[in-house]
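Shared between the two complexes below is subunit A, which pairs with subunit B and subunit C, respectively.
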Partner chain A sequence: MTSVPPQIPLKEEYGGDEINALVLDPGSHSIRAGFAGEDTPKSVVPTHYGVLSSGHHVYGENAIHIPNADMEIRNPYNTDGLVEDWDTAAKMWEYSITSRLTGARQTPPSRNGLNVVKDGEGDVEMETDETSKAKAETEKMEEEERDRALAEYPLLMTEPAWNPVKAREKTMEVAMEEWDVPAFFLAKTGQLAAYGNGKATALVVDVGHYNTSVTALWEGMVLRKSTTHSPLASSFLSDQIRRMFTTTTPPVPLTPYYLIASKIPVDAGHPASATYTNFSSPPSPSFRRFEEDRVLTAFKESVVSAWPGPGRLEANLEAVKLTPPRPFEMPDGWNNVFGAERYKVVEGLFDTKAAYPPPPSSTSSSSPSQSQYTPKSDDSIPSMIHRSVNACDVDARPALLGNIILTGAGSLIEKLPERLQSDVQAMFPNPRVRVIAAGGSVERKFGAWIGGSVLASLGTFHQMWISREEYAEFGAGLVERRCK
Partner chain B sequence: MAQSGVSVAPECIQAFNDLKLGKSTKWIIYKLSDDYKEIVVEEKSTDGDYEKFREKLMHAKSKNKRGEEGIGGRYAVFDFEYEAPGGEGKRNKITFISWVPDEAPQYPRMMYSSSKEALKRALNGLASDVQANEPEDIEYDAILSKVAKGR
Partner chain C sequence: MPPFRDDQIFIIAPGSETTLAQLGLPESFTPARYRLRSRMFRAEKAGEYEPIKIRRKEKAPPAPTPAPTAPVNGLAPAPNGAGSKPETTAPNDDDEWEEDRVSEEGAVWPIRGGKVVDWPCFYALMTHVYNYVNPPFHTPILLVSQPVWTPKEHEKVTQFFFEKFKVPAFTMVDSAMAASYAYGLTTATVVDVGLSKADITCISDSVLQDIGRSIAVPDCGGEAMTERLMELLNLRKGFTREVCEQLKKSNICEVLPSDFDIPTNDSVGGDAHSANPAAAASTGADGVPPGKRKQSVVADLPRGPGPNTQVGEEKKLEDEEGVLDIASIVTGGNMSEYLAQKEREKQEKAAARQAKKAGTAGAAAARIIRLPNNKRTRNTFVYEDFALHDAMKKAGMSNQNMADMQSAMDFDSSGGTGPNAAKRQKTPEPQSAVSDKPPPDAELLASPGSNGSGFRREIEVGPERFQAASGGILDRLADAIHRTIQSCIDVHRRSELWENLVVVGNGAKVRGFKEALVEVLMRKFLVSPSSATMFVSELPSRMSTPGGTGTSTPLPLSHHGGGGVNPLLLAATTAQNPGLLHPGGVSSSASASASGLLAPQQHPHSMHSSHAQTPTSIKLAKIPEYFPEWKEVGYEEAQFLGAQVAGRVLFVVDPAASGGAGGGGSKGYMSRTDYNEQGPGGVHEVCL
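So, the complex of A and B:
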């Protein structure tokens, strides 16, 4: 490594705000990483990854969207929003830091292009046993170098409030033993999001990818028994849109971009007139689903809206008819307008009875692997809030209801804050209910990261870190005592 | 618990004890020092006029990391005096207010919310605690309704 490593701050400098700490906020949809003290995370990496048939994993936005017949798309998180595949998760976390943050590494001489022995064609040389062996070796070297990069900075990580003890200890072990970080801290996402909004007492509603969670905070402490979470989140919403597409007549064709070679404009509602890309061996269904999700994200951003209330959608169908429908064009050129449907797909989050039911299991031909999940009425966001608030002390309830913080990228659905406000107020008529949702999408997408960034950059936070020495002495159990 | 780790200057506790025991001080406003390392006393007064006190909070300024001044947060202790309902006479409640306006920039907001616990823990004998984020949260009636509800 030729670049000068950043200076490790001296002891007396800790009092100032000069600690170069890293902040890592891993989620089930994306992993946010960056340096403490910065306004936004520099590195945002998708949590989905590709597995090639060789068993090799590929990470990062650039690699996983390439149509590749022998690539499966997977996710190391389970539907509870907790890490299931630790080896992969740890590698991806590491990737999110080393790929962008710790500086460009020098390409080893064997692969920097200057020492390539040109064969006749001047082309890239074919892989022989020897080169692959050399490659494996350089890869190992590179990995060691990456590890060293991580060993330079204290690391603050985030976790969901329902993270079990085992997972917390495992996280610290990964950081301390695999990455060799000099100091570590684990903070709860809800707590950081609340601090970022200037509150120590709050009810944090975090709409994520696999999970929506409700966490009550009292004077900075997470009230454990109040923590609830359910799968009514962004991924559920994608499934709702899929179900809506298949149940309208005629069904809406959902074709991801990679299948389209070219398209010709067509009138609204008419079949698409596009040339499709032909694959001799088509990419896997998991890839298709993943790419479909990207189209659905665009759909969510531009068309979907929550019914702002008051009242449920079914009681307001007449009013809905008066709102102008929104147009949407699919990658293949098919386009149409969506009226009541654009509200109906979100309604399930608030009123589970209004959710689109799962398709009959026999007809899974049109779109691959639709989830069979049917929400229970307990899972809706208002009823989670109800349970969470009721699990808290009576005296605490007004303060919590007056400080409901809405965060998470899934909360960016249009009018979602308004609807939440109206539903919760209807549920708790007496104290004043106030839903606070930061106006900027950045603040809501990265709420927890931003909170962590400020905290970890403080000189005064120094005393909170768990140092490597302490870890060596007390072991992973320390995380339970120190990171409450 | 994740906290900022900011320290509390001894003068904070002394000023609080003067208020608690001497009862001549009516309110104290605390702030985070400009380098965000400790909590210090900004102002204290024997004038019990709540509106003057509120004005001070409304015009509080804090510096961000680059030294630019913007809307800021504060902590305050106010010795509330009110008529107990049902003619039970006057009551006094020493009330802690954390004032973190929603319009304040990210950095001071974060700092004030994550340092609050340190100060609260240092002050013994608080009767009630108000978390205020909007101008209407620190209106006299809003505070009174919260204070009077406590035991």
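So, the complex of A and C:
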């Protein structure tokens, strides 16, 4: 019985000239990866990772949600949305590709301990010359195969518009030297999100996790001086919700799911009556915060809404009172309705003066997880758009304002597109303002990835790749000249 | 003219422990005809594998081997199929080698946690399955793929099947997708509890949600339960992994609801030390909600058999010697002494039984009403000792010796316990421990004696048998389910996903597992209607719960409708079970292309916006019970049923006859021509 895998047919044999490229869109909240030409990324892994006390890193949803006393949750990105911990980031990027796309780098079966002959006395496998030779051969094959995991596909990666030159070169080095990719290209997220929406000229507003960015695009090219970004994004919104919870009377308890063994229904506003899980050594605060974010995500999805306008929230408090409040139940069973609060937490994105202030420093010691960030009025989304548009040529402005593309998972907050439309309209009364927000959440969550998928599968794009040979000749500096 | 006929379709479903296969689809679908252990043995020649363990005989018997070969060849249905295999050494030709159909020592398991860890061995396994079933030339293959396989690996597998077997057509169906076909659901959450992992998949409108899918969640399978049992029972001598494994598969192992009192019996003094620490450590107690949701538990449970009854005495005896490691006795060379001892005991017991018979006849009759397992402190199951078999084989024991041993053991189980044991066999809980071996195998294993099966003994277990799932497996699984559904992109479908939980996989076969899982989910995640909203009449009810009836659910977007769904398959699976479908699902699928164009305009920005928190209700999906054979064995392997449905639809139903719903693009399989044109990568166009 021969079990040697058959020869892989050569590319020419089945005549495919299409290049099956990989698209990798790393973000500070999740890393999206998939094959070019598909409509959603097949692999979406969280950017947060666990560090065990042994120093070992664990990646992926399955590992990081298990309450474990000696695990810290960390993120290789800084709050500016740029990579800080390159070693970890590179490993996670690789993990996102190998875990679900190409097959993981695994320990060969001969050494992974699963196939060890267990008995000590009986049929001990005699290691003859022949078997050991064959073993070495298969190991060599396996090793080669693992090295080829990433070396087979051209790779298109995304980067934020404000990515410094050093980081761009470093990204290319990782791809070329650690992964050995045959061809590489780096594109800006704003650019790709516009391509994903079928626009070459647009003003892209990308509400991400740590950052909201505004990028102006003219006929496919990013207008560098126009790009702005600010930390008024999802993570800021989470902090706003946390602040809202602590400032209401009585404060809203935020207990993550892992602490609850069981809950029983209680009346709205009454203290929770739940059985808690007992941990002999409780998980770290970073883990708690990470798990709290899961609850906040549910809160954002089902309760939080932007005030649709026209006008600011404070000018419409009467109208707000007429809208029905929304209920929310915490993991411990505590529940209540949220009326004006559900608009107020978002208001900071548009009107920084209306944001909840950071908690006074006396209480912040009890909740060190809350950041002390106070938004500046320049940071709000409308004022960023204002700055960005004003940095562009006068002739270009009408085209940009007519094509404001709203993307990013943070933009999925209810009524956010309507509010943006009305605020920008008020700011630029003259030209026609149109905010384009894709209807489906998939298109907005993975806007940049989808654009990358479109771009990398275009026949004309093939001339743009930086090949391994070019890299070998010119070095990492090439990225500045080629990927604009 | 359909391209293939029902009887030509060959389905293979590889798994970490068992690989299912079937050639041809019967009129009414039946469970898989072939069940093969997913393991191979290294052959003499490096890099090659054999389906059966072949061991070298330590000493060649003086006579030219009629004794060893007869029982081996006498097995009526060759369980591992090697009888027809040319490459296995026939024992008659070579005295040095012997086939051992029982032992799995030194086996290579190519699939671990769903993942192929040893490709050459996996290929060998597939070859073995193929040769064993031995399909005719014109046979399309449908492979049920594991969720953890990457697209790259799909290509690899496709290439292997086309080039090794020259199949005329090939397709792959994701295991979770297949399970949803079996249930006839287009929107479901499939929880597949396997050997060492669980996969949780959301399927929304027949589209498998790759994003957020929980693949191969570790420590959530059957193995975790075996390990938990080992942990609990390690105070008692002789509870090896194998014993615990068989205990888990036996009928007396149950997962009880968290508020269920685990029966205890303090009157059996002799084993208090073993029962109590475990009971105290159980989480059966730790998760009880205070005073709430108590189901109608019988307050004063009738206790298990007392010390003065016949059962009590017998059990005590069993307990003392029941699980001692006979294998070590044998290998230690003390077998003859052991046999002699057994013989003595047998005589003593026989005498005692004679004496007792008259006295206990009345008592036995009075106890005809048996207690259900969950009210008994202790219960027994039959253990098959493969380790002993191995040990004896290795020691080069003759079959006569093994027969002697078996009869000695028989004394333990049926002979020794006499009428009592016979009665036990008839209790409401069947005692067979052999549950997941294939029918042909089961036949083999059930046949008594030394013809290859393990040795059988009865083993008694205390309340530990209720705590297999107490090691946190349910909590881990529940959290993963919550995470998976909550990260499903299709927010509107979430409440529907919560109401259509499909729990499959042999890990979920433990009695009460599914119910306990749902209970944990409800306890932790169920959102009750808020008392604050009761009076908020302005809140339009359809605003908050669009998913419940499906009536106000927006239609899917075009890329959803057209992307991955095979219209033929959708039509077939939904037609199979119209009762379970909400009207929205049918219309959306029927007019996928048309509505897909309209939908974005109708709901410009609010695809995600108007919904309330989920889950407000959690339910297990009901499977349509069309197939009596499936109903008998249970639906843990519903993936295979789904694969049969898919096989018929993809290969047999003529695309032209069904209106050409998708035109040429709807083909659900890859033909040889396609393969030659597109290469292995083309499989992504067809695989589901």
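Keep in mind that, in the parts below, the second predicted complex is superposed on the first by the 420 of 484 C-alpha atoms of A that agree within 3 Å, B and C clash if a C-alpha of one lies under 4 Å from a C-alpha of the other, contacts with A are read in each partner's own complex, and residues count from 1 in each chain.
In this text, contacts are C-beta pairs under 8 Å (C-beta built on N, C-alpha and C of every residue); 3 or more make two chains touch, one makes a residue touch a chain.
It should be emphasised that the depicted structure is a prediction, and the values quoted were computed from it without experimental measurement.
Residue contacts after overlaying the shared chain place A:A175 against neither subunit B nor subunit C.
Residue contacts after overlaying the shared chain place A:A200 against subunit B, while subunit C stays out of touching range. Shared-chain residue A:I264: touches subunit C; no touch with subunit B. Of the two partner chains, subunit B is the only one that A:A187 touches; subunit C does not reach it.
Of the two partner chains, subunit B is the only one that A:K484 touches; subunit C does not reach it. In the superposition on chain A, the chain among subunit B and subunit C reaching more residues of subunit A is C. Once the two complexes are overlaid on the shared chain, A:H462 sits against subunit B while remaining clear of subunit C. By the document's definition of touching, neither partner reaches A:I405: not subunit B, not subunit C. Shared contact residues on subunit A (touching subunit B in one structure, subunit C in the other): 15, 39. By the touch rule above, subunit A contacts subunit B in their complex via residues 15, 17, 37, 39, 185, 187-188, 191-192, 194-201, 219-221, 399, 403, 436, 443, 450-451, 454-455, 458-464, 483-484.
Subunit C makes touch with subunit A in their complex at residues 42-43, 45-50, 55-56, 87, 105-106, 108-110, 112, 115, 117-121, 123-124, 127-128, 150-153, 156, 159-160, 163-164, 210-212, 214-218, 258, 286-290, 292-293, 331, 390, 394, 476, 479-480, 482-483, 486, 489, 491, 523-525, 527-528, 530-533, 536, 538-539, 557, 559-560, 563, 599-600, 603-613, 676-681. Listed in rising order, the residues of subunit B touching subunit A in the complex are 1-7, 36-37, 65, 73, 98, 100-102, 104, 106-107, 109-114, 116-117, 120, 131, 133. Note for the complex: subunit A touches subunit C at residues 1-6, 8-9, 13-16, 20, 35, 39-44, 61-62, 65-66, 98-103, 106, 109, 112, 114-115, 117-119, 121-123, 125, 130-131, 133-135, 138, 149, 257-258, 260-265, 267-269, 275, 278, 294, 297-298, 301-302, 305, 324-329, 331, 333, 335-337, 412, 414-415, 417-418, 437, 439-442, 445.
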